[in-house]
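Alright, structures below, take your time with them.
First subunit A sits with subunit B, and in the next complex the same chain sits with subunit C.
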Partner chain A sequence: MGKLSKPARVYLAFVFFVLYAPIFYLIFYSFNSGGTMSSFEGFTWEHYAAVFNDTRLIIILLNTIIVALLSSLISTAIGVLGAIGIVFLRNRKMRNAVLSLNNILIVSPDVIIGASFLILFTMVGVKLGFASVLISHIAFSIPIVVIMVLPKLQEMSFSLIDAAADLGASKRDILTRVIIPYIKPGIFAGFFLALTYSLDDFAVTFFVTGNGFSTLSVEIYSMARAGITLTINALSALIFIVTLGLVVGYYFFNQRARTIGTGGQ
Partner chain B sequence: MKSNAARPFYMIPYYLWIAFFVIAPIVLIGYYSFFDLEGKFTLGNYQNFFSSVYLELTLSSFWYAFLITLFSILIAYPTAYWLTKTKHKQLWLLLIIIPSWINLLLKTYAFIGIFGLNGPANKLMSALGIGKQQILFTDFSFIFVSVYIFIPFMILPIFNSLDRLNPALIDASRDLGASSWMTFRKVIFPLAINGVKSGIQAVFIPALSLFVITRLIAGNKVITLGTAIEQQFLVTQNWGMGSTIAVFLILFMFIIMMATGQKDKGGAANGKIK
Partner chain C sequence: MKSIVQVSVAILVVCALLFYGVSSLEKSSATSSGGSITVYNWGEYIDPELLEQFEKETNINVVYETFDSNEAMMTKIEQGGTSYDVAIPSEYAIEKMKENDLLIPIDHEKIPNLKNIDPYFLDLPFDPGNEFSIPYFWGTVGIAFNPTLLEGQTFESWDDLWDPSLKQEVIIVDGAREVIGMGLNSLGYSLNSRDVAELREATDKLKTLGPNIKAVIGDEIVEMMRREEAAVALTWSGQAADMMFVNENIDFSVPEEGSNLWFDNMVIPKTSSNIDGAHAFINFMLDAETAAQNTEYVGYSTPNQAAVELMDPEVTGDERFYPPEELRERLEVYENLGLEMLGIYNELFLEFKMDMEN
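And then the complex of A and B:
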C-alpha cells in the first residue's frame, strides 16, 4: 500500500475540514457572549445555563430520551424475535418476501412514513402526542434491528441448536441460553442504532406529534425557523457529545461483534 | 427441524408490525389519494398532478435531486478512493461517518449562520474582494447544504465496494501496460459500480423528499416533492392531494431502486474475491 500523494492528502484534509467545520462553528459560538453567530465577543457559559434553566426545554429533552429508550427497547425485542423467526423460515420465497417487507421502511422517505402514519393514527383513533410518537419510533426502528441481528444469526451454526436440543434443552432454553448469547453483539448494535435513529428523527415525529408533545428535533426546528438563538448552539454542543458517546459505543460493540464473528468461523 | 413444526408464536408481534406499519400505511396512502378535500371519491388529484404546477414541481425536484447526487458522487468518489489507501482506513471512515450521526437540523442550522449576511462565508467573499452576497435562500445554498448532508452516505458504499476490490486485478492491469486512467476506467470503476449505485439510492430518493433544508435554507424558493407533501398534509390539510404526490414519490422510488438495483450474485461474488 503506497503512501498517499500530496494532492490526495490535501483533498482528504479539505473534505474533513468541510465536514467538521459547521459542527465546530456551532459549538464555538455556543460560548459567545454576544447574541450572534457572526462576531465573537467574549467567553460565557450563559447559553448552557439557559438550556438548563429552561424547564420547557428540559421536559422536551426528557421526552426525547424517554421516547428513544422505550422505542429502542421495544423495537429491539420485536426485531430480535422477528429476525429469529425469519432465519427459521424454511420457505425461501416466503423468507425473501418478509425481508423485502422488512426493508420497505428503511428505504422509504421520511415524509412518506410520517404522512402515512399520520393517516393511520387518525383512522385508528390514536391521539397524536406521546403515544403516536412512541409507536412511530418503534415502527421505524424494528427493521433496523432485524437488519443488524440477521447476519449474526446467519453466521450461527445450526448444529449448536441441534446439540442443545439433543442434550434436552427446551425451546425456551435454546432461545435464552444458546441463540440470544450468540447474537448479543448484533442485538446491542441494533439497540444503539435504534436509539440514535430515534434521537435523530425529525420528519416522522414532525408529522405525528400533536400540539402538546414535542421532541428535541421538532423544538429545534421551530426555534431555527424563528432565527438564530445561541441556546440552540449550546444544545447542539451537548447533543454532539452524546452522539459521539453513542457512536463510540456502537463502534465498540460492532468491533466486538466482528471479532466474535470471525472467531466463530 | 422440530422447532418449526408449530407456527412460532414469537413472530406474532413482528407480523403485526408488518401488517400495521408496512402494508397498511401504503394501502392507506393509495386509498386517500382518491379523495378530495370534502371526502368525496375523485380522480381529480391525479388529474391535478398532471397539471402544469405539479409537473413543474416534479421536474424541478428531479433536477435538484440530480444535481445533488451528481455533486455528491464527484466529491465522494475521490474521497472514498483515497480513504481506502490510508493506513488506518477504518478509523478514517468512522470519522467521515460521525458527522452523519449528528442531527440533520443542527447541521442545517449551522449553515444559517455560516451563509448569513454577516457569516463567515460572506466575510471570506468580502476579503476576496467579491463583496457581500445573499447566499442564504438561493439554489446554491440549498444544493451545497444538501450535498454536505448526503456526502457520508455516498462515501460509505463507494468506500466499501472499492475496499473489496482485489488489488491483484489492479496490478494485473498495470502489468499489462494500462495507464492509471485506463486502469481506473476499465477495471476499478466497472468493478466498484455497485457502490456508486447504492450511493445513488441513498442520496437521490432522500433528495427528492427533503423538506427541512428547503424550509430552513432555501426559504421556500425551492419546492421538492417532500416539501409539497408536507405542505399538503400539515398546512393545507389536503390529505388527498398529499397522498397523490406521495403515491408518485413511492413510484419514483421503486423506479430508481429498479434502475440502480444490483444482482445479488454479482455483488456477493465481488465481496468474496478478498
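And then the complex of A and C:
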C-alpha cells in the first residue's frame, strides 16, 4: 500500500467504495423504522426481530446453507478427480474435447440448464425438492471446480510423480501424498467458488424447487411484484456479518498456522 | 490431505446440525394430522399469520411457495413434479390454464363463504359461473401521477395524457392490451373491440401521444415513480398502491371513459393431491375476518363484501381503489379475443412503439 502513488490510492479507494456502497446502503436501511428504503425515519431493531420470528424464512435460510455446503463438497470431490483425469489423458485431441465440453457447461446460460433439469427430473419421475436442487447444484458446480483445479495440476512438474514412483510410492500414495497436497490451494479455491455459486444461484434453482423446499434467492425474487420487505435487508446484513466473521477468522487462523508451521516465513 | 479430510468432516457435521435444526423447526411449526396442502402464490401476497391460523383451525399443514410471474407459475404446474393444491393466477392466465386443461372444477358446495363475495365479481367472462376460479384480489388500470411535479393537472379523462405540457413525462406499461385498450377507451370504444377500423383509429391516436412518452417499461415503473423520476404513469392500481405506500405525493385516478378491471383468482391445479384441503383453504380465505385481515396486510382491493364492511371505511371508501358503482359500470374485464385478434393487437402495439422512435 505504501508504494502506491496518490492517484492510484484514490482510485483504489473509489473502486472499493463502489463495491461496498450498495451493501452498506442496504444494511443502513435495515435499521429504518419507516418500513421502506426511500426515507430514513428512525432507528429500530424490529426487522431483526422479524427475521428470528419468521420460521419459514429461517428454514429457507438453513436449507440454502445446507445445499450450498453439501453441493460444493460433493462437486469439489468429483471435480478434483475429473481434473486429474483430464490432465492424465494421453490423447491430446481427447483431452481438448473433454475440456471444451467442460467449458461449454460454464458458459451456457443458467436458464437453459435449469429448464433442462426440470424436464429431466419430471421425465424420470424425481420429486422436485431437496434432492433435485442438490443434484443440479452439484452438476453446475463441477465444471467450475475443474477449471479452478486444472491450472495447479498443469503447473505441477510431472517429475515429482516419477520421483515418488521411483521411491516406491503406490498409486494411492502418489495421489494422496503428492498430487492432492500440491493442488490444495486450487481445491479450496474451487470449493469456495462453488459455495458462492450455489448460494446466489437463482435461475437453475427456480426451475427445480418444489414441495415446499425453496432457497433464499428464489424467495427474494418472487417478492418483486408486491415489494421486498426490510426483513430481507436485516437478513442480508446478518449474512454479511457472518461471512465477514468467517473471512477474518480464516485469515487469523492461517496467519497463526503459518507462523507456527514455518517459523514466520 | 489431512486438512482436507478434516474440513470435509467439519462440513458434514455442520450440515447434520443444520438438518437437525430444520427438522425440529418444521416439527414445531407443523401441527398436521389432517394432511397437508401446497399453496403457490405471488411473493408477499398473503398475511403469514393467516397460514398459521388455518393450520390451527383445520389441522391441515400448509406448505407455502411463491412465484413472480403467471408464466413461471404455469411452467411449474404444467411440468408437474410438485403437487400444488391452490394457485393464484391472473385472469388471462386462468383462461390459458383452462384451455390447457390444467385446472380442476371447484365444488361450490364446499365453499359456503362464496356468499361473502360481491356478486359484481362473480360470473365474469374469463370464467363463466366461476367453475374453476374464486376471486382473491382485484384492481383497475389507471393513471398514477405526482401532483407536486405537475402544474395542477388532474386526470379525469384519458385525453389529459395528451396535454402538451406533459412532454417526456409519461411512462406507460409495456402491455399490448393495456395500451391499445387505453387508446380504444379514450375514443369511447370497448377495450375488447374486435373491429379493425376502431383498432386502427386507436393506434393512430396513440401515435400522437409519442412526444409525451418517456418510457415503455414494466415493473420498474414503481421504483421510478417512487423516486419522482417521472410524473405520470399508465399502470395497474396494485402497482399504484405500492407507489403510494412509499411516496405520499402520488395520486391515482381511473379516467371516466372507462378502463380495465383485473383479477387474481384462486384455482385448484390438476396437480392437486388434496382437493378437500384446497377447498378448505379457499373457503378459509373467503371468511370475512380472514379476508379483511389479509387485505389490510397486502393493501390491494378485496372483492369480499363482508370483509369490506369490517374494514376501516377510510380505506374501503377510497374511490381510487374501490370505484363507485357508476364508474364500475364502465370498467371492462379482458375477454379472450382468440389468437388471431390478439396477434392484431400485438402487431398494432409494435407499430406504435416503432413509430415512437422517430
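As a working rule, the second predicted complex is superposed on the first by the 213 of 265 C-alpha atoms of A that agree within 3 Å, B and C clash if a C-alpha of one lies under 4 Å from a C-alpha of the other, contacts with A are read in each partner's own complex, and residues count from 1 in each chain.
Keep in mind that, in the parts below, a contact is a pair of C-beta atoms (placed from the backbone, for glycine too) under 8 Å apart; a residue touches a chain by one contact, two chains touch by 3 or more.
What you see is a predicted model; the values in this text were computed from it and never measured.
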| item | value |
| --- | --- |
| Touching partner for A:184 - first (subunit B), second (subunit C), both, neither | second |
| Contacts of A:69 with subunit B and subunit C, given as first, second, both or neither | second |
| Which of subunit B and subunit C A:209 touches, first, second, both or neither | second |
| Partner chain(s) touched by A:171 [first = subunit B, second = subunit C, both, neither] | first |
| Which superposed partner A:222 touches (first subunit B, second subunit C, both, neither) | second |
| First (subunit B), second (subunit C), both or neither touched by A:252 | neither |
| Superposed model, subunit A: greater residue contact from subunit B or subunit C | B |
| Partner chain(s) touched by A:28 [first = subunit B, second = subunit C, both, neither] | neither |
| Shared subunit A surface residues [contacts with subunit B and with subunit C] | 36, 38, 118-119, 206-207, 221, 224-225, 228 |
| Subunit B-facing residues of subunit A, complex | 1-2, 4, 8, 11-12, 15-16, 18-20, 22-23, 25-26, 29, 36-39, 77-79, 81-82, 84-85, 88, 90, 98, 101-102, 104-105, 107-120, 123, 139, 142, 158, 161-162, 165, 171, 174, 196, 199-200, 202-203, 206-207, 216-217, 220-221, 224-225, 228, 232, 236, 239-240, 243-244, 246-247, 251 |
| List of subunit C residues in touch with subunit A within their complex | 1, 3-4, 8, 11-12, 14-15, 18-19, 21-22, 25-26, 28-29, 38, 42-45, 48, 63-68, 72, 75-76, 79-83, 219, 222, 226-227, 242, 245-247, 298 |
| Residue numbers on subunit B that touch subunit A, as the complex places them | 1-4, 8, 10-11, 13-14, 17-18, 20-26, 28-29, 32, 75, 78-79, 82-83, 85-87, 92, 94-99, 101-114, 116, 118-120, 123, 148, 151-152, 201, 205-206, 208-209, 211-212, 215-216, 225-226, 229-230, 233-234, 239, 242-243, 246, 249-250, 253, 257 |
| Subunit A - residues contacting subunit C, complex | 36, 38, 54-56, 58-59, 62-63, 65-66, 69-70, 73, 118-119, 121-122, 126-129, 132, 176-177, 180-181, 184, 187, 206-207, 209-212, 214, 218-219, 221-229 |
